[in-house]
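A, B and C label the chains in the order they appear, each numbered from 1.
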Amino acid sequence: MSLVELHAIHKSFGELEVLKGIDLSIDEGQVIALIGKSGSGKSTLLRTINGLEVIDDGVIIVDGKKISDRDADLLGLRLQVGMVFQQFNLFPHYTALENVMLSPQVVKKQSKAEAKQIAEEMLAKVGLADKMMHYPDQLSGGQQQRVAIARALAMKPKVLLCDEVTSALDPELVNEVLAVVRQLAEEGMTLVMVTHEMRFAREVCDKLVFMHQGRIHETGDPETVFANPKTPELASFVGGLA
Amino acid sequence: MAYKFDFGAIVPHWQLLFDGVILTTELTVIGAVVGVGLGIMGAWARASRAPVISQIVGVYVELIRNTPFLVQLFFIFFGLPALGVKLTEFQAAVLAMIVNLGAYSTEIIRAGILAIPQGQIEAAQSLAMNRVQIFRYVVILPALKKIWPALSSQIVIVMLGSSVCSQIAAEELTFGANYIQALNFRAFEVYFVVTGLYLVMSILLRMGLKVLGNFLFERRRHV
Amino acid sequence: MSEFSLWDIVYNLLLAARWTVLLSLTAFVLGGLVGLLLLMVRTAGNPWVIRLVRGYVELFQGTPLLMQLFIVFFGLPLIGLDVSPWVAATLGLTLFTSAFLTEIWRGCVESIGKGQWEASASLGMNFTQQMRYIVLPQALRIAVPPTVGFSVQVVKGTAVASIIGFVELTKAGTMITNATYEPFTVYGCVAVMYFLICYPLSLFARHLEGKFRHVAR
């Protein structure tokens, strides 16, 4: 059984149907790239997997358990599924270390020492051992995003969702963040990432999911899909990038 | 026939003024701490998903903000005993100040909460925090920081407003002044001096709140 | 116990409420005029005048309204002017209002960018013309919502005038309470009447605020 299974997910904002029946399974250790035009519903799909959007119809199963929209279920879901945002969203009143420690302490009720140890470990992993005492506004965008990744990892999620984690960064800072994501992928972390970095997707991901107008339009392994797009939409999307 | 000012006539009664300053300070500190606490809870209720509670708090806020403090004070001190709630002068004054500041700070703090970017809340949600945790650890401090100047001004206003508590014989600064001028018939001099005392108190209070704000919100720079 | 019916209470309070409204209106209009004058002399820019106006504002914002009324009420007789509570209340509230309004409006004028002043100066306008044709029309739109909002503070401020013996709504409430021994009902009615005066003003201010925000976007 897959780690996360989505069946026939529907989601509308008012009149606008953004997800029109999404089926997707995410296996343990899989690295999935979600691509598609702006407005095709990538972010919305990612956010439903984290319970940030309440779905209108369909089933989400995580680790064999069906998720309802009750608060308790949502909290349980989020314990398994971490998320990193385009805009970092670090808490401005906490240091990098405190940002990472916060949730393990208050949600998982870990002791301060325990949380600190994990936080230090995670910050070291993203290459920020020397910036732990810095506040977000004392860090570059790339550093902030790496703190955000460490913060999500400290909760030991089974899946990490990344929504365009490099889109808000200056070009010269993109690689330091991608390097961290690549390392996670190599360590066997299950990842679902929305990205516009096609070369990165091709190199790192095992599965490519192309979204178009609220549906999964085409899917497959990156090499094949990029080389031989089966649908004209994907062909034009890939062509447009080149 | 020129009037001869005699500020010296106040000196023998300085103890009354001193006691008044102390009591006004007590009223203000208790009123501010509990009032802002009430405001935080009110703002939380206003922002919560329970529409009934939110509306009740909304009515409370509008009622208080659209009636004079003096009338609120009279209602609490003279009116509530009809319901069997008998309060001392001091208790009534403190309660009126709390209720008054609670309403204003509810609105002020709510504005601060609304100014917190949605991304902050979503990040906290994605970390599996529940509503209370998000409010306590992620929302409230940055929200208070944003509106601290407005909140400080409101606290000063409430301190100055406490002057009318003399009308229910709460023995604060203005009460002391009234008492002295009844003794020495030097009303102008007394009120002139007491006005100066209030001015000094409001300046000190403003400074104190600024220091408190720095302590609460400005962080130790580690760089 | 008392021969006062609820209607008698309400009727007498309504009579007194006229004085609350009259005092509010007078103080607001006169205070607005003084505030405008202060704004003009301040914006004209002599540093000493600016300092003086700032001191004036801080004095009124840093002391209780009650003390301001007391000083007027007990101070004027000392220079030979015997004043009634009505005159003292009007004068005190006018000064109070002028300080707050001039400060509110200063913020509005200052929010008009330097570019507007410079552009109008480059067209050869003098200070009065700049104010009249360029700055005030723009500042006015920003200024209206907080000004209406402040009118609520003036209405509530008039309650303090009861303490120097001016018979308005609050004072009438006290007098009727002393006659009826029904403070709960009487002060409840007093509060309702203030609310009926103030709440529409608050709503109007909020409405204007929303409208202005709409225009600004």
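Here is the rule we go by: a contact is a pair of C-beta atoms (placed from the backbone, for glycine too) under 8 Å apart; a residue touches a chain by one contact, two chains touch by 3 or more.
For clarity, every value in this text was computed on a predicted model and none was experimentally measured.
K.L.:
Which of line, ring, star, complete and other names the graph you get from chains that touch?
P.N.:
Shape of the chain contacts: a line, open at both ends.
K.L.:
Taking each chain's centre as the mean of its CA atoms, which one is most distant from chain A?
P.N.:
Greatest centre separation from chain A goes to chain C.
K.L.:
What is the identifier of the chain with the smallest separation between its Cα mean and the overall Cα mean?
P.N.:
B
K.L.:
Quick check: how many Å separate the C-alpha centres of chain B and chain C?
P.N.:
The separation of the two C-alpha centroids amounts to 21 Å.
K.L.:
Measuring from the mean C-alpha position of chain A to the mean C-alpha position of chain C, what distance in angstrom results?
P.N.:
56
K.L.:
Distance-wise, how many Å sit between the C-alpha centres of chain A and chain B, to the nearest whole number?
P.N.:
46
K.L.:
Within their complex, state which residues of chain B touch chain A.
P.N.:
Residues in contact with chain A: 117, 119-120, 122-131, 133, 137-138, 141-142, 145, 217, 219, 222-223.
K.L.:
Can you name the residues of chain B that touch chain C in the complex?
P.N.:
Listed in rising order, the residues of chain B that touch chain C are 3, 62-63, 65-72, 74-75, 78-83, 156, 160-164, 166-167, 174, 187-188, 191-192, 194-195, 198-199, 202-203.
K.L.:
Can you check the complex and tell me which residues of chain A touch chain B?
P.N.:
It is residues 50-52, 71, 75, 78-79, 81-83, 85, 87, 89-93, 95, 102-103, 106-107, 133-135, 138, 148, 151-152, 155 of chain A that touch chain B.
K.L.:
Of all residues in chain C, which touch chain B in the complex?
P.N.:
59, 62-68, 70-71, 74-75, 78-79, 152, 155-160, 162-163, 170, 173-174, 177, 182-184, 186-188, 190-191, 194-195, 198-199, 202
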